[in-house]
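Quick one: the structure is below, questions incoming.
We call the chains A, B, C and D, going by the order they appear; numbering starts again at 1 in every chain.
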Amino acid sequence: MSKYHQVFAWPVRVYFQDTDAGGVVYHASYVNFMERARTEWLRTFGYSNAGLMKELGVVFVVRSMKLDYLKPALLDDMLTVTAQVKEIGRSRITLDQKVQRGDELLTEGEVHLVCVNVETFKPVSVPDVLKKQWD
Amino acid sequence: MSKYHQVFAWPVRVYFQDTDAGGVVYHASYVNFMERARTEWLRTFGYSNAGLMKELGVVFVVRSMKLDYLKPALLDDMLTVTAQVKEIGRSRITLDQKVQRGDELLTEGEVHLVCVNVETFKPVSVPDVLKKQWD
Amino acid sequence: MSKYHQVFAWPVRVYFQDTDAGGVVYHASYVNFMERARTEWLRTFGYSNAGLMKELGVVFVVRSMKLDYLKPALLDDMLTVTAQVKEIGRSRITLDQKVQRGDELLTEGEVHLVCVNVETFKPVSVPDVLKKQWD
Amino acid sequence: MSKYHQVFAWPVRVYFQDTDAGGVVYHASYVNFMERARTEWLRTFGYSNAGLMKELGVVFVVRSMKLDYLKPALLDDMLTVTAQVKEIGRSRITLDQKVQRGDELLTEGEVHLVCVNVETFKPVSVPDVLKKQWD
């Protein structure tokens, strides 16, 4: 039994730096929040981004993403940002990510990552040490 | 004949602040670049965001967006960021946005905006002064 | 005995969003890290920024700051960001802030805040509920 | 006669991405604005950051900075950000930087840069091709 279908959740507090003059969280800040949750999710499998780059010569880059903004988050909100594997290919992985305030769903995202060589930025196979934990 | 189908283009230079330790532009920075181009595109119709908020009590917020990252932009690159109307509804507007380096297409985006009341964040009709220029 | 001289410490993990193409943390990101630590320090006295604005009609703004960059922080580093009261005036407060990686001091900051009216941005007295905890 | 004492000025427009829920420009955003002006100032001497790194193996990093926030900049403001050499050493350079809205001085900064080797981050002499233009 793998951690595959599990939803990973990461807490994120909203600071001034994340907001804009509309009085709400700026739309690009959710992209930052999702990167934090993905990175911490990756860490649960024993790998940091720096570690992947140095030890295995690969890095996961965002190939595409889709974001739906349902309700705005506000200054000082305590949010939960999730990451859950949806699909895994040879060099690609699709994650579902949500930003919630308690039970309220604020933003929904689908993020496609590609594992690339850190020098050439060409797609390479997801390292086996990760793949066997995800399959 | 309106400015409807015209492609608006805005130059953006890449600084350290836009890049990350992967040596390329950080994926959320393109979202910032696109906001700049949309704002300058709006300005060609006689309106700033601050003006819309103060004079008409409305603001355009991002309801959803889809981004495809094809090639990475690099430090010191001179980019062209475009905005072009794709579809207009009562309170919604869809824009196609591209980030290019010369003829190379680096990132492609589709951004759905909703015109909302600045107090309630509820959708309202796009102001006529804008709509008649876009139709 | 007050919490006055105590050093408040807040953990901050470094993500790609905080780094630049030089391979290290971007110099403005430390300013963000320090805002997070100050905000959490304020929270220990029972107040959020949103709460101060809504309930008391005031907000703390940065009047000046001085930063010394001694050593660079790196991707995936786990940092400790501190905040410690140095001096308190009628409407001003000076904080010492440090960014450390374990015992290594990476960045040192001195931040002067002013308590201002949220509408006029004019300086006002620090609310008594805070002042009596800080004196 | 060198460009030494000249004030270099660079225009910066304020977008939502630069502001915060206080309704003004976020204090770390001025740090970004100043980096843009410094980079464009460097470009007038024939060098980009990427060029310095690749061709000469050096990069200018911020060693310390001091910022005074006098008046807030607002959404949609058109700002002028300046850079002017104050002092030059073997490997260091001090710049005065200002952020203005027309004649109004909003933020004042003093930025100390060090020229470092791009691999070791150890201080090295400012390249002669730049030094002879600055002296």
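The rule we apply is simple: contacts are C-beta pairs under 8 Å (C-beta built on N, C-alpha and C of every residue); 3 or more make two chains touch, one makes a residue touch a chain.
Since the structure is predicted, the reported quantities are computational estimates derived from the model, not experimental observations.
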- Query: Which chain maximises the distance between its CA centroid and that of subunit D?
  - Reply: A
- Task: Weigh A-C against A-D on C-beta contact pairs and write down the one with more.
- Result: A-C
- Report the inter-chain centroid distance for subunit C and subunit D in whole angstrom, where each centroid is the mean of the CA atoms. 24
- Where the CA atoms of subunit A average out and where those of subunit C average out, how many Å apart are those spots? 27
- Task: Could you put a whole-Å number on the gap between the CA centroids of subunit A and subunit D?
- Result: 33
- Can you list the residues of subunit A that touch 2 or more other chains? 16-17, 22, 24, 28, 32, 35, 74-75
- Item | Residue numbers on subunit B that touch subunit A, as the complex places them | 22, 24, 27-28, 31-32, 35, 59, 61-69, 72, 118, 121
- Query: If you look only at subunit C, which of its residues touch subunit A in the complex?
  - Reply: 13, 15-17, 32, 35-36, 39-40, 48-51, 74-76
- Note: in the complex, subunit A contacts subunit D through residues 16-17, 19-24, 26, 28, 74-75
